[in-house]
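Data first, discussion second: the structure below is written as C-alpha cells.
Chain lettering (A, B, C, D and E) follows the sequence in which the chains are written, and residue indices restart at 1 in each chain.
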Amino acid sequence: MPLDTSTYSLALLRLDGRRWNELRRIHAQISTQAAADGSSYLEMGNTKVICTVTGPAEGRRTAQGAGQECRVEVEISVAGFSGVERKRRGRADKRTQEMQHTLTTAFSSILFTHLYPHSTIILTLHVLSQDGSLLAACLNAATLALIDAGIPMSDYLCACTAGSTANEDTDEPLLDLNGLEEQELPFLTAGVLGDSDKVAVLMLETRVRVERVEGMLAVAVDGCKRVRGILDAVVRAHGRRMVEEGV
Amino acid sequence: MPFTILPPAPAIPFNHPHHYAASDNDSLSSADEMDIDTTTARPTKRARLSRSLVTPGETVTSDPQWMRGHGTYIPSDSTSIVSTVAGTVLKTNKLLSITPLRARYTPEIGDLVIGRIAEVQSRRWRVDISAPLLGALPLSAINLPGGILRKRTAVDELNMRAFFSEGDLLVAEVQSVFADGSASLHTRSLKYGKLRNGYFMAVSGLQFGYRARGGEVDVVLGVNGFIWIARHVEQAKDVAVTRLEESVSLSIYSSQNDEIGPQTRREIARVAGCIRALVEAGARVDEDMVVRAYEASLELDFETEGREDAGGEFLGGEKGKRIVEMALGSATS
Amino acid sequence: MPREAELSLNEREFILQALRENVRLDGRAFDDIRELQLSFGDEYGVADVRLGKTSHNPFPDRKFDGIFTISTEFSPMASPAFEVGRPTEAETLLSRLLEKAIRRSSALDTEGLCIIAGLKCFALRADVHVLDHDGGLVDAACIALVAALRHFRRPDVRVEGENVTVYSVREREPVPLSLLHHPLCVTFSYFNGGEVVLVDANLVEEQVREAEVVVTMNRHGEVCQVAKYGGLPIDALALLNCTNVALAKVQMLDKVIQQRLEEDAKRRDKGGLMAELNGDTLHKDDDRLDRTTDWLAWVSEWIEKAIGLTVGVVAQRYAVRCMGVSEGGTGRGKARARALEEGEGETVRAM
Amino acid sequence: MPAPTHSQNGYTVIGAVNGPIEVQRRDEIPDEAAIEVNVRPATGIGSPKERHIEHILTALLRNIILTHDYPRTLIQLTLQILSVPATHSTLPSSSSLPILPALINTAYATLLAGSIRLSTTLTAVLVAVPKSELEAVAQKGSSHVFAFDGRGEAVLVHSEGKKFEIEEWEQACEAARGCVLG
Amino acid sequence: MEEFAIYTRFSAPPPCQAPRSSSPATPSPSLLFSSHTTKPLTLGPGLRHIPPSTITAALSGPLHTDPRKNALWIENNGGRYIPVQGDLVICSMHHSSVDAYHCSITPYTAPATLPQLAFEGASKKTRPVLAPGALVYARVSVAGKHMEPELECVHPGTGKAEGLGPLKGGMVWDVSLGMARRLLLPASKMREQGGLVLLELLAEKVRFEIAVGRNGRVWVDGGCEGDAGGGEGGRGDG
C-alpha cells in the first residue's frame, strides 16, 4: 500500500517518530547458544536475527587444489512468520541465495581464512522477524557471532541502511529504514569495515538519481560507525563479565 | 483483580565511549605491570584478571618494540599492532599476543586431550578433538596388546578396528602439530588409551588438562574442553617393564563396561552436576574448582540432610548456584 | 561435474604483475570496454551480443498469461562447469541482477502489455542464452536483454468489449514495447588492494580480481542498481566515482545500441515488403477452433479489412491462442506460468 | 571449442562439443565413452519434447562416434536452437520432425570440428508427402526424416503425420537418398 | 555438409593408379605400396584400419603421406588433446598425494600422475615442492586409452631433466594443437611440414624463453611483461 511520506517535510519526524539521523534501538547478545562455537542474537528495531557459528571444523574434503584457505558457508533461513503476511520461502528463493552469497564473500575477505587451511566455517542465520534492514541485521549478527567464536578478523563488519526522501525538491537522507520506509523510499545497504570509510558491502536495489546516492552513502557509512560502537560495547560488556567470573 | 503492565525490557545501558577510553588506557599503561605477572606461555589466573580487554580492529600498541603474536596483525599501511579477536592482552617478553575469550581448541604439543574416533584409515585413525581439523592417531603411536616392545605387524593393520573403531572415546597426548595446524596424537603410555566405565561431557574454554580424583571417580579434563568422568580403576603401580605385557593386555581395548555400583554412578552424576553448574555460572572449570564444587555439594547435602528443600540429587538451578558460590568462596578465601 | 578450470599460479602472478605495471593483457586501457558486436535476428526481438568471446542472445517470445519474466539458463556450451538443470551460484546471481536491473527498475511498463484490465494481457518472456563465457556476463546479458526489448514488436490488438482480436504481423504493423528507460550494467573489478580498477574484465581477470562492483544506470543518470557482494573493502569515495564512470560508459553503449537498431530498421524496411509479397499463406483445417472467440468479430473484421480468408483464419488462430491459456487451451503455458509465480522471489502482478 | 552454425528448413542451430572429458561416476562406461546431448529450445526451458529429441540423437550418434576410442570419458554435445521459422508456431506442438535434420547435421558438423573420431559421415533430410513440408507436417500428409551414413545406408528413419502407403514411404526414401548422395 | 567429409576408402593392393594430388584427396596408392612391399604400412593419427584391408579416415582434414617411411596420416589441428606417450606437455599441478603430484593436462579431464621422484636428482629428502596451480613442463611417460596418463620430468635413461621441470614465472597462452605441433617441429623440417619460422624471427627481435606443450599450451617468459606479451601476438598466427 502506498504510504504518505509527505508529512515528513513538515514535522521532520519519521513514521516511528525518529529524526533523520537516528538509529533504531539495537539490542544484541553474544554466546546465546552453548552448543555452538559462537552465537549471537541481534535486534535492529523489529528486525530480529539469531546467528550461530560452527567451526572452523573439517568439512567435506573437496579434492580441489585451492584448499589453502578455509571456506565460509552461510545458510539463512527466513521464518514463515517473520514477515507481515505469512510466506513460505523455499531453499530456491533467489533473494535468500543472494544474501547468503553476500555474507560468504564479505566475510571470507575479512576473516583471516588462511589460518585454517582446508577447514570450513558454517554460519547459520535464522530470521525471526523482519522490519527492514534485513541484510544489515544479518551482517551485524554474523560479525558478533564470529567474534564470539574467536575467529580472527581484520575488524568489525558493521552494516546499516540509508534512504532518501522521495520528494525531489528536498531530498534528505534518512538513516536505518524500517520496513514501511523501505517499501516507499529508495535506499541502500552499506557494510563498512570498522572505523574506516572502506565499504565491504553495498547494495542498492531501487532506481534513484545519481546525485542522491552520495548523500545516502555518506549517512550510511556514518551510521555503520555508530553501529560499530554499539556492537563493540556489547562485546566488551560480555568480555568483562567473562573475565570477572573467570576468577 | 488489579494487574500491572510491565514496561518493555530496556535496552542494555551502554556508556561505551567511557569503556572505550578506559580499556584503551589500561591496554597501554598497564604494559609494564603486565610483563611481570604473565610470563608463562599459558595464561595464568592473574593474566585473565588483567583488565586490558581488546576487541577486533583495536590498536593494541603502536610501539614498534613489540613483536606480534597470535590474535594480532599489522595493517599493511602502518606499524601498529592491531587485535583480530576479542580477548585479553598477553605479553611474553617482547611477544604480544591476544588470548581470545572463547575459541576453538588449537592443539599444542603436550596437550592432554580427549577425542572421539571419526574415521579409520589405513595405518591411522582420524580423531575428532574439536579442533579446526581432525587429529591423526597413527597405528604406530598406540600401545599394541602384548607389550610396547612388540613389533607392529600386517595383521594389526588389517584389524585396526579391534583397537579403536568409529565412535570410540580415547584420551591421548598431542605428539606433534603439522603445518596446517592439525595434531598428531599418541597413546603410548598407560595413562592414555581407550575410555570406558564413564560419562562424557563437553564444555568450552578449558585452559588446562587434568586428571583428578574425587571420591570413587576419576575425572579427566581434556584441554580441548572434553571431560571424562569414570569409575576409578586401580592402576598397577610402578609396573616393571618386564610385567608390561600383563598390564597391556587386550582388555585395554575392550569396549565392555565393568560392573559399576549404584553408589559410583551417583558419584559420577554428582561430579557431572558440579561441572555443569560451574559451566552454567560461567565459572572457570579446572582441577581445584571441580574438587571444591564437589566438596561444596557434599557439604550442602549434609546441611540440608532430611530437610524437604533438599532438592534431591539434582545439582542445577538454585542449588547449583549455591554450590558455585561456596566453591568460589572457598577459592578466594 | 567438472569444476571450472582454475588459473595456474604463473598466470595469476603474471596478470597481477602486468596490472601493477599498467598493462592489460588484451592491450586495453583500464577503463576500456571490449568492442560491442550487436546483431539482430530476422524475427523481431532476437539480439546477438558479443563482448570479447562472451556472447548472448535473448529472445523475447509471446506467451499469453500476463507476466514479464526473464529466464537465464547457462548451457554446457559456455563451459562444461555449467550443468543442465542445476543452477550454479553465478547463474542465480545473474538472473537476480537482471531482475533488479530491468524489472525492479520498471524499465518495461507492464501496463502497456495489458489488453483488457484484469482479463487479458500479453506476457513477455525473455530467454537469455549464454553461448560462451569470457567474463562480463552481467554486462553482456543486460545489453542483450535491453537491445532485444527495444527491438521486439508485439502484435497489434483490437478490443471490442470482451472480444480481443490479435492481428498477425501481415495484417498490421506490430507495435514496439513501451520502455520507460534503458538500464545498462557496467562491472568494475578491483585488483591489488583496490589500487587498480578495471572496467569490463575478461574471464582470466575475473578469476584473479579481489572485488567487483556492478553498477546499473540509464543514460539519464539514474542509478538502477548497485551490487557489491563483499570482497575487498573499497573506499566510499572511490565507489561514488564508479557511478560517474559508469554513466559515461552507459551513454556510449546506449548510442551503439541505438545506432544498430536504426540500421536494422532500415534493413527491415526493404525486407518487410518482400516478406509481404512472398509470404506463404497457409490454409489450415480449423480443428482447434475455440468457442470463446466471437465469429462475428473476425468476420466483420475480415469484411472491413477485405483480406484473404486464409489470413483471416490465421488471425483467428491467433485470437484462439491468445485466449487459449486463459481457457486452459495449451496446458504447458499455464503450468509454466504457475511455476514462475512460485519460483520468483517477489511475485509479479499478473493481469 | 569450435561452434558451427547450420540452417535447414528455416531452423538455425548452433552446436558445441566438449570431449573427451571427465565423466561422472554414475554414467561412466568401462569400455566406451558416455554421450550426452543437450538440445536447448530457442524459447523457454527444455520440455519432454526436447528430451525425446535428445534421446533420438544420443542413440544415433552412439553408432557414428567411435566411442570405444574414448573409454571412461564423456562426450558432451550441446545444440542450441537459435531461430525457428515464423510458421513454427503453427505446427502441432507434438511434432518434432521439422527441426530434426537441422539438429542432426549440426551435430555432425560439430563433431567434425571438435575432432571426435567418427566411423562414417552423417546427413539428414526432411521429406514430405505431398511436397510442401510445412503443409505436410500440419497433418495434411506424412513427413519423414531420413539420415544416411557414408555408404548411403539409412541410419535413422522417423515418420509422422496421417497414415501413408508403403509405396509413398519408399518414394520418400528414394527422394531423400537422391538429395543426400546426389 | 559435404565439405566436411574428406573420407578416403581404398584397399591394398590398389586396383588402379590414382593421379598424384595434394590434399584433400586420395593419395596415389602406388606411393604407398608398390615401392615398399617389405616395409609395414604405418598409420598416423586420424586413420583407422578395419581388417582385413580397409583403411578409413576417422577425422576430417588433408591426408598426408610419407613414401619413405611408408606412413599415412591426416592433418588435423582441432579438438581436445589426447595424451600420447613421449609428448611434451605443459600441465598445472592440481593436488598432491603422498608420493605423487596430480597434474591436469587439459581442463575438465582426469588429472595425470607425476611421481614426486620423477624429477632430476629428486630423492625422498630433496624433492621439488609444487603448490597447487604451479606449471610443470613434463613428458608423457605412460599413456593409453584405458589408463590414466603418467608424466615424468626426467629422462629415465640419463637421469637428466633435459629442460623439463617446474616453470617459474612467465605466462602461458593457449594455441591450437596444430599450431603447437608446428612450433615443435625441428628447424630442418620447417619447410616441407609447415613448421614455423615465427620463433626464429621473434628471437631476432626480443630475448625470451619459451616452452611449447603438445597439449596446446605455450609458456613464454620474457624479461618483462611487454616481451612476454609478444607471445600473445605469436598466438594469432595459429
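The rule is short, and it goes like this: a residue touches a chain if its C-beta (ideal position, glycine included) is under 8 Å from a C-beta of that chain, and two chains touch if they have at least 3 such contacts.
Chain labels with UniProt names: A = Exosome non-catalytic core component; B = Exosome complex component rrp4; C = 3'-5'-exoribonuclease; D = Exosome non-catalytic core subunit rrp46; E = Exosome non-catalytic core subunit rrp40.
Note that this is a predicted model, so its numbers are computed, not measured.
Colleague: Which chains does chain B share as contact partners with chain D?
Modeller: Of all the chains present, none is in contact with both chain B and chain D.
Colleague: As a test of understanding: of all chains, whose mean C-alpha position lies farthest from that of chain E?
Modeller: Result for max centroid distance from chain E is chain B.
Colleague: Starting from the Cα centroid of chain C (3'-5'-exoribonuclease), hunt down the chain whose centroid lies farthest away.
Modeller: Using the mean of the C-alpha atoms as each chain's centre, the farthest one from chain C (3'-5'-exoribonuclease) is B.
Colleague: When A-C is set beside C-D, which has more C-beta pairs in contact?
Modeller: A-C
Colleague: Chain D to chain E: how many Å between their CA centres?
Modeller: The computed centroid separation for chain D versus chain E comes out at 33 Å.
Colleague: If you average the CA atoms of chain B and of chain E, how many Å lie between those two points?
Modeller: Each chain's C-alpha centroid was found; their separation is 60 Å.
Colleague: Quick one: report the Å distance separating chain A from chain E, using the average Cα coordinate of each chain.
Modeller: 54
Colleague: Going by the touch rule set out above, which residues of chain D reach two or more other chains?
Modeller: In chain D, residues 18, 21-22 touch at least two other chains, as defined above.
Colleague: Where in chain E do residues touch at least two different other chains?
Modeller: Expected reply: 108-109, 132-133.
Colleague: Multi-chain contacts only, two chains or more: what residues does chain B have there?
Modeller: If we look for residues of chain B contacting two or more partner chains, we find none.
Colleague: So in the complex, which bits of chain B are touching chain A?
Modeller: 11-12, 14, 16-17, 19-20, 23, 45, 48-49, 51, 53, 55-57, 71, 73, 75, 82, 84-88, 100-104, 132-134, 180-181, 204, 279, 281-284, 328, 331-332
Colleague: Can you list the residues on chain E that touch chain C (3'-5'-exoribonuclease) in the complex?
Modeller: Chain E reaches chain C (3'-5'-exoribonuclease) through residues 92, 104, 107-109, 131-135, 167-172, 219, 224-226, 228-229, 232.
Colleague: Help me check something: in the complex, which residues belonging to chain A touch chain C (3'-5'-exoribonuclease)?
Modeller: 64-66, 92-95, 97-98, 101-110, 188, 191-193, 196-210, 213-214, 217-218, 221
Colleague: Which residues, counting only chain E, touch chain D once they are in their complex?
Modeller: Per the touch definition, chain E meets chain D at residues 1, 4-5, 7, 46, 48, 56, 58-60, 76, 78-80, 82, 108-110, 145-146.
Colleague: Given the complex with chain A, which residues does chain C (3'-5'-exoribonuclease) contribute to the contact?
Modeller: It comes out as residues 3, 6, 89, 92-93, 95-96, 99-100, 104-106, 210-211, 213, 217, 221-237, 239-240, 243-244, 247, 343-346.
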